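First chain written, first letter: the chains are A, B, C and D, and each begins at residue 1.
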């Protein structure tokens, strides 16, 4: 009972943090898993969303929604820019695109600090969700609780769109065989642009939603990118459910794991990630016989 | 194998690019090496600060404080026009080595000011010392082997904790939970606190009686660390955090089980931009600092009014004041170093300097450690007019040796 | 991708009683490859090979035919060790190799070619052959330049056999499809295998190429066991002395080419009413 | 643009840039000041690291994001030796290389099991763990403040200590030339063909009977040893080591240097590293704080302007395989 009591808040917080990571990583996994673009500038888009949301927030609900809208639109526009930049590289594999987006992230970071300075920008969220609530005798931030709900809804919507709608089916088809989508009468550049735009929108929205937790500052882009990469690699690129599971796992490692073994806190994330990757490769290789393509895509 | 046509062009392009770039570096170095101080000729001063990387939130204040002094003194130090050479230490450490070498070898600076991160001090000071160039340091100060050319304007990393320890041992009715980031500066800060605190009879509430160190820079969520505080029965928290960590820690603390447990900290947790970002969450935090903008002295009024004039009426952070003092110390030292100041002469002049009149009050450099012997103040975050401010509520000890 | 319209050319009507030909034909030669209860199910539930019992005798030329999805390539992959079976055993020369890695199996003397000829594209044709021979050559210290040269010189015979001597210095990535096919075969020969697995070797070859392939196969030492998966029945008739027909991962019939061509069950299942293989959709690699 | 055939012959292709580089490396120090020379030394040390990445990413098809880890191990080995009075440069190079090789041999057992993006992320994780361990193991490494004021080395026993940037440069240059020559010689031997073949088609190598995993592990160990060599040089140049030397950004920048240099060219990797140092440390001098911006612009230009430099690295992603065939 004592242990449960001590670790209750970290465990709950792990869910909130995991969902934040899921929302943050969603755009990256979509673009990488389906579009084949490893977007190193993803964290920059997240930070941009955060800055935009912060700049219009004044504590009213209308400004909060306006902030989310502005963040999403900003993310979408940058996604479009990304689409234009990566389209000529579509036939050249992943590395040129990663290199380009790495360059863009460096340029983007410079632009953001030039515009917004090096201070973290606080987001003023509506009073009714700014406080704390009591859960089983523990104090917990209201916003994070609300975030759990909102992010769960987003996850469900995402799973539905990708799994049950025509657009989702098209995207999944694009992941398997891009030529086939072309054969179905959709210009590849339109699919690519739509993917980049959607990924940018997701990143911007995530930045706006997450800003009260991971406030937009000079470190935000790098941190979000690193954590999102961990999430999508552990969750297998392109898999919504996988990303969801991985995000919750990483969230719990960063909270519950830290709470249980704080001495090992600095090693937890990357240690477990390395173990998970290797174990999975072992399992994958025995199941598929280490075929020509490395690892199977479940 | 090596038979792609484009790779020929590529190879050639890269080769030509690299060669021209480096050759140009050589040319520019040979031209700029002519500059030397003659009469009241302009002098070069280097300033190293974090403009990118994990400390960039702290960097600009170091630059702005120094620049403000120059702005208000006709861009002159010791009667010479100053050309300020700014360099970026990035994440600190090895990245600053070429920056320092450039300042010394190419710009022939009289002194190097600034330096945010302690690894940068360890990397740069040996180089500067070998070249005889004084380093007037405005960030945290670790233990250094050879301090002959290192002059610290801020404090020894252990000082803030050492000033707060005895006070908390006396005034907190029970044990204290201590936090810090797991880098050397964090260890030093917390060591200063725990040594002084336990010596004064206090007891840490942490597991195992040792301060808790959070991974830096990767900790964004302090909730799991804070969840242990209440159960430990601590009556107060003491911590040292700066920049983004400070903001996250304060926000998480204010929304956790521990929110009713008073938060004491080294002053950086509510300095400048951090306080703005924390907002109401920071209200009531008690900090120790060797500066408060509401100190009433002529020097401070001049500094505060110059700062708030330039920066939309804001109160200056302590870091900017250290940098202002660095400029002021250099101003006096260069003036004493004669019409043709050399780095060595400037270093000797700093060494011979007595009492320094500063916005924080008068202080002087310790002969042993070259760190200020100065008074520490107890401050509390309160509403001051329309905005939150670090208001001085008392004096702590004078520290330094 | 392969057009197999020529398949039926040589199928001659034969006697109708061949359907009873069993897999356990009596023979003087040892069983080189023996699979029992071999099963391979892919994720998604497809049963590619289902409980196969087969014997490939030493020194014989076996052909495995069957409609698409019959499990032919999967069978080769299982024998070569590219895939692990879901159930069943594989014996090679009396030794159980079910769990032996493909590297080890290759070293034991099982070599193969691929449906899509795979080569090391940045290396020259000669280097491709030499590297294929490398693990099987007795030359020591091949990582040294001189020894490697010795190996390369020895390997010139395989360039010759495959008819690609003129291309020796070309990067393998620059070869045309047919040339690449011959290189793939040359690489398999260079391993000097005891069992040679050929996955549709004639696909995409010109008539001249097929001729070259036939010559190469006839030139193989008699003791080498060959298992060839092929659509082209003309080719099968020309090289194989035993033909095994698979359907839906199961054994349909085994016999001589003539017997198989005459088999009614085979004709319905595989050759179709018109005698043309329904091969509109090619399997994906 | 057509290039005359004579310019494409092998001696010209390798020889001209090589000769230009050699001439530059030999005569430049006489016109440079200490700063310029130390930048060149830094570029050489980083260049050795880049060559080690080129062995993995270019030759072996293993794009690594954690090669700064063995680099860091080498640098710390040199630092620890210096603080214990072992200041013979050649000895430090040997020990640093050896310790980094042992380190790579151990981490390689883990990393080499994965491929493509998983390899990238595993090496990244191993790199981050190494950096964390370097920061935490304070008794040996001095923690996050690093090891500082490292004593100047003497190249060989009995020789004078290297006291100037210039003498350090000649030591670093000599060491680099020797080690790059060895790497070049090995990669041009049949060993290089083995690695390239594994990169081209790993499955075919296995089918042909080559123990690919062992080759790649050996390549990983060799690359680790080489990175450690570079780390010792970096320690000599900076007289300072801290965990930040092993940071993710160092690994990433070096991978990009290799991409710029054309993936499977040691010379190109060296030049790529030179270009990065020139951009980051020298070109950004007049624009403090905008080094990353300049690097970013360089990468963007490089992607479009140097397509083949980029294409040399295989970057495989797990992809759904076809059903039963």
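Convention: a contact is a pair of C-beta atoms (placed from the backbone, for glycine too) under 8 Å apart; a residue touches a chain by one contact, two chains touch by 3 or more.
For reference, the UniProt names are A, D = Branched-chain amino acid ABC transporter permease; B = ABC transporter substrate-binding protein; C = ABC transporter ATP-binding protein.
Note that the structure is a prediction, hence the values are computed from the model and not measured.
**Q** Counting one step per pair of touching chains, how few steps separate subunit A from subunit B?
**A** Tracing touching chains, the least step count from subunit A to subunit B comes to 1.
**Q** Which chain pair racks up the highest number of C-beta contacts?
**A** Top-ranked chain pair by contact count is B-D.
**Q** Among all other chains, pick the one whose mean CA position is farthest from the mean CA position of subunit A.
**A** Looking at centroid distances, C is the chain farthest away.
**Q** Report, in whole Å, the distance between the mean C-alpha point of subunit A and the mean C-alpha point of subunit C.
**A** Here subunit A and subunit C have centroids separated by 47 Å.
**Q** Provide the C-alpha centroid distance between subunit B and subunit D, rounded to the nearest whole angstrom.
**A** For subunit B versus subunit D, the centre distance works out to 34 Å.
**Q** Please tell me the distance, in whole Å, between the geometric centres of subunit B and subunit C computed from their C-alpha atoms.
**A** 72
**Q** Subunit B: which residues touch two or more other chains?
**A** Expected reply: 1, 52, 59, 182, 215.
**Q** Which positions in subunit C touch two or more other chains at once?
**A** 82, 102, 118, 122-123, in rising order.
**Q** Could you list the positions in subunit A whose residues touch two or more of the other chains?
**A** 109, 266, 288, 291-292, 296
**Q** For a test of understanding, state which residues of subunit B touch subunit D in their complex under the given definition.
**A** Touch residues, subunit B against subunit D: 1-2, 4-19, 21-23, 25-27, 29-30, 33, 51-52, 59, 86-88, 90-95, 97-99, 101-102, 104-106, 118-119, 122-123, 125-127, 142, 145-146, 182-185, 187, 215.
**Q** Please name which positions on subunit A make contact with subunit D in the complex.
**A** Subunit A reaches subunit D through residues 36, 38, 88-89, 92-96, 98-100, 102-110, 176, 226, 229-230, 233, 236-237, 266-267, 270-271, 273-274, 277-278, 280-282, 285, 288, 290-297.
**Q** In their shared complex, at which residues does subunit D touch subunit A?
**A** 63, 110, 113-118, 121-122, 124-126, 128-129, 132-133, 135-136, 201-203, 206, 248, 252, 256, 259, 290, 292-293, 295-300, 302-304, 307, 310-311, 313-321
**Q** Would you mind writing out the residues of subunit D in touch with subunit C in their complex?
**A** 189-191, 193-194, 196-197, 199-201, 203-212, 322-325
**Q** For a test of understanding, state which residues of subunit D touch subunit B in their complex under the given definition.
**A** Touching subunit B from subunit D are residues 3, 7-8, 10, 13-14, 16-17, 20-21, 24, 28, 31-36, 38-40, 42-43, 132, 135-136, 143-146, 148-149, 165, 196, 234, 237-242, 244-245, 247, 249, 260-262, 264-265, 267-268, 271-272, 274-275, 278-279, 281-285, 288-289, 291-292, 305-309, 312.
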